[in-house]
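Shared between the two complexes below is chain A, which pairs with chain B and chain C, respectively.
Right after this comes the complex of A and B.
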């Protein structure tokens, strides 16, 4: 009886892993096949479509990096009379506010919104909502303070909004400080798989393109009708992604709108960041799963993709569970099931590496980017996957405890930035 | 240092977009078709000469490798050679590990059977991922060299 139950569970888990594997394999083939075709998201600076744009930059103790992004914002090719940059100084205790004020004095389109300790430090979503109230433009874009965009990025990001069905847009993120150490190199590989393949494929296949919380934006009226960012969710970006789709709009991936980020530089920072992402993502799964299944605005393939996307952070835990139940299955002489299960588990170990992009997805992404030396590190992505198992498990346990105890407040553990990425900028 | 075609291309990437889509990939369906023919042929040989465990791993590798590398830029001969090399490495890897397994099992019988059963597929994935990474590096180098030559001309 126990053996049958374990076998059934093992088969279900294997089936789930195989579904993710097939999904990513299909994504990879799709991008590989279509990479030679003209991309619809290539924007032209000469277009007549130039709506007014508000760029929100939330910043809490970002002294090492805030000057870099504001300098870049002053160099954008988008008309400055249609651009408004709002720095939300979220109760910083360092010189972030002073540096931002210096730029605001020099450039009329840069504004600084200071939040004191009483109203600030309640997370990125709260800071962005404060910025949204101050913003006056048709399009709202957001950038993290540690990011460094291309000069023409605003033109690239607003172009998809010519289509009235597009409610939001997401640009591409690449790692600025990639050569720093092994952690930054592995994060860079995750980003390549996630953006070059995953996001591109989802966009071209008409699935759920994910808003990543930065290097992207929304129509202002849509964002306001949705009530802005949900301050109770740690993955406010994923939450908005689903709210946009449930509202009947779509998110466009603008792969040519490229922006550099300063990636986390050590395993401790990696833990903090991924813990926040995984717990937030799980919150979104609880919040949106049934809404997605019942939605009349989503097609069947979008619903399938949405379910897989919402549950992706549960997968490392389920892989661990598969591992654990395989041991009793072995002793209960269930070798046939065990053989299939372990084949799937071993593939999945590599399939759910890093930012949940399989090794072949990262490989093809790096190939398309011409990153021939980056391939050498793909095998090492297994370590980030193994590291994700305790991260996701702890996030899940904490989430369950908070749900049982009725705790509503969420603690936003901010990622700190060293500013070392400046040394990699070649102007 | 003299500026070669490769360094010039690299400079272009680091200043602007990190992608190389200016020279888009051409989907090579004929390479893929030919690759599947060879993979089928190799699979038949493997099924008749190897144990089912080894044959299953190598057949999976062959079809996976063909579908994800043969459509890429590069000479068909180079891809076929890579495929053949992958099969040779796979056979050698499995042969060495079976020797290792027999050797260890001789001393620690029961416990090692569990470990080997559980870790066997994972050990196989290690060579597949590593070989795939090295193959992509090779194909990627060819692509950048080709672009560099076109950049020069």
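Right after this comes the complex of A and C.
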């Protein structure tokens, strides 16, 4: 009886995992199929559609990198009379504010908003909301302080807004400090899979394109009507993604709008970042799951994708659960409910085909990027997946504890940046 | 289940697993040892013609097109250098 119950549970978990693995294949094959066709998001710099743009750059102790992004902002090809850069100095204790002020003095379109200790340091969402109050333009774009965009990125990012149904846009992120060490190289591979394949496929298939919190933006009036960023959610970007879709708008992926970022450089920083992402994502799952299922603004395929996207950070926990279940199943040694033949077939197919799916996605992404050797590291992604299991498990446990205890405040554990990416800049 | 496995089969199975793992990670070990594509991926910028400056030699025998931003950066560096003729 117990053995059969565990077998059924194990098969259900396998079925859930297979759904995600099929999704990986579906996305990868879609991008491969479309790779030879001209992409609709390719936008050469257009002078016809040039709305006013406010670029928000939240910065808390970003002294090593703030100068680099502001220098780059001064080199943007978008008309400066239609651009305003708002640096939100979020109670920094280093020279972030001073460096930003130097650029503000040299360029009239760069402004600095200083937040003191009392009002600042309450997370990125709070900083962005402060910047939003100051912004005056039609389009709000966001960049993290460690980013280094291509100079024509603003034109690329605003072009999708010509479609009135587009409420937000997301560009592509490329890791700048990729050569630094194994962590940065593996994160770069993850980014390739996430942007080159995942986001591209979701956009092509009309699914839920995700706003990633940076290298993207919104219509200002839509953002204001949504109340800005939710300061209680750690994944404020994912939260806004679903609020945009629930409001009846869509998010467009502008794959040609590319920006370098500094990836985390050690496993401790990787833990902190992914913990924040997974806990925030789980908060969004609790907040939006039923709204998504009930929404009249989403198609059926969007609802299915939304459910899979919202629950993606629960998957490592379910994998752990399936491993735990397999131990008593092994020792109980009873006849499988569905017959040993069917069990063997399903497990074999899952293992040899299903497990291959995420690696296939990253590999195809690297191939399409012309990275002929980068994908040789793909097998090492198994270690990042294994590392994500305790991260997601802890995030879930902490979230449940906070919900039971009624604790509403969230602690934003900021990723520190070294500025070492400067040595890899090529233009 | 394990009682049906003979010692020979067990050794062969263990050897197979080890070889499989080795082959799975061999490309990664080779790339880490001698990286041939450590990145980062180069983002191609499309800079319009209006952003380019034409620089010619004194005799105007050679001309090149240079991105405005690069010229600006070089001039900023030069302006910061001490005037050696002073």
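Methods note: the second predicted complex is superposed on the first by the 402 of 427 C-alpha atoms of A that agree within 3 Å, B and C clash if a C-alpha of one lies under 4 Å from a C-alpha of the other, contacts with A are read in each partner's own complex, and residues count from 1 in each chain.
Note that a contact is a pair of C-beta atoms (placed from the backbone, for glycine too) under 8 Å apart; a residue touches a chain by one contact, two chains touch by 3 or more.
These numbers come from a predicted model, not from an experiment.
Undergrad: Thinking of the overlay built on chain A, is A:77 touched by chain B (first), by chain C (second), by both, or by neither?
TA: In the superposition, A:77 contacts chain C only.
Undergrad: Counting only touches as set out at the top, which of chain B and chain C does A:150 meet: first, second, both, neither?
TA: It touches chain B and chain C both.
Undergrad: Under the stated touch criterion, which partner chain does A:327 make contact with: chain B (first), chain C (second), both, or neither?
TA: First partner only, chain B.
Undergrad: On the A-aligned overlay, A:367 touches which partner chain: chain B = first, chain C = second, or both, or neither?
TA: The answer is first: A:367 touches chain B but not chain C.
Undergrad: Would you check which partner chain A:359 touches, where first means chain B only, second means chain C only, and both and neither mean what they say?
TA: The answer is first: A:359 touches chain B but not chain C.
Undergrad: Figure out whether A:32 sits in contact with chain B (first) or chain C (second), or with both, or with neither.
TA: First partner only, chain B.
Undergrad: Chain A residues in contact: does chain B have more, or chain C?
TA: B
Undergrad: Now for A:378: first (chain B), second (chain C), both, or neither, which partner does it touch?
TA: A:378 sits against chain B and chain C alike.
Undergrad: Figure out whether A:177 sits in contact with chain B (first) or chain C (second), or with both, or with neither.
TA: Second partner only.
Undergrad: Which chain A residues lie in the overlap of the chain B contact set and the chain C contact set?
TA: Common interface on chain A, chain B vs chain C: 150, 174, 258, 330, 369, 371-373, 376-379, 426.
Undergrad: Can you tell me which positions in chain C touch chain A when the two form their complex?
TA: Counting only chain C, the residues touching chain A are 1, 24-25, 27-28, 30-32, 35-43, 45-48, 51, 69, 72.
Undergrad: Provide the residue numbers of chain A that touch chain C in the complex, in ascending order.
TA: Those in contact with chain C are residues 44-45, 75, 77, 150-152, 174-179, 182, 185, 188, 258-260, 330, 333, 369, 371-374, 376-380, 424, 426-427.
Undergrad: Where on chain B does chain A make contact in their complex?
TA: 9, 13-21, 24-27, 64, 67-68, 71-72, 114, 117-118, 120-122, 124-126, 129-130, 132-134, 136-137, 139-141, 143-144, 147
Undergrad: List the residues on chain A that touch chain B in their complex, please.
TA: 28-29, 32-33, 35-37, 39, 150, 174, 196, 255-256, 258, 326-327, 330, 335, 338-339, 342-343, 345-347, 349-350, 359-360, 363-364, 366-373, 375-379, 426
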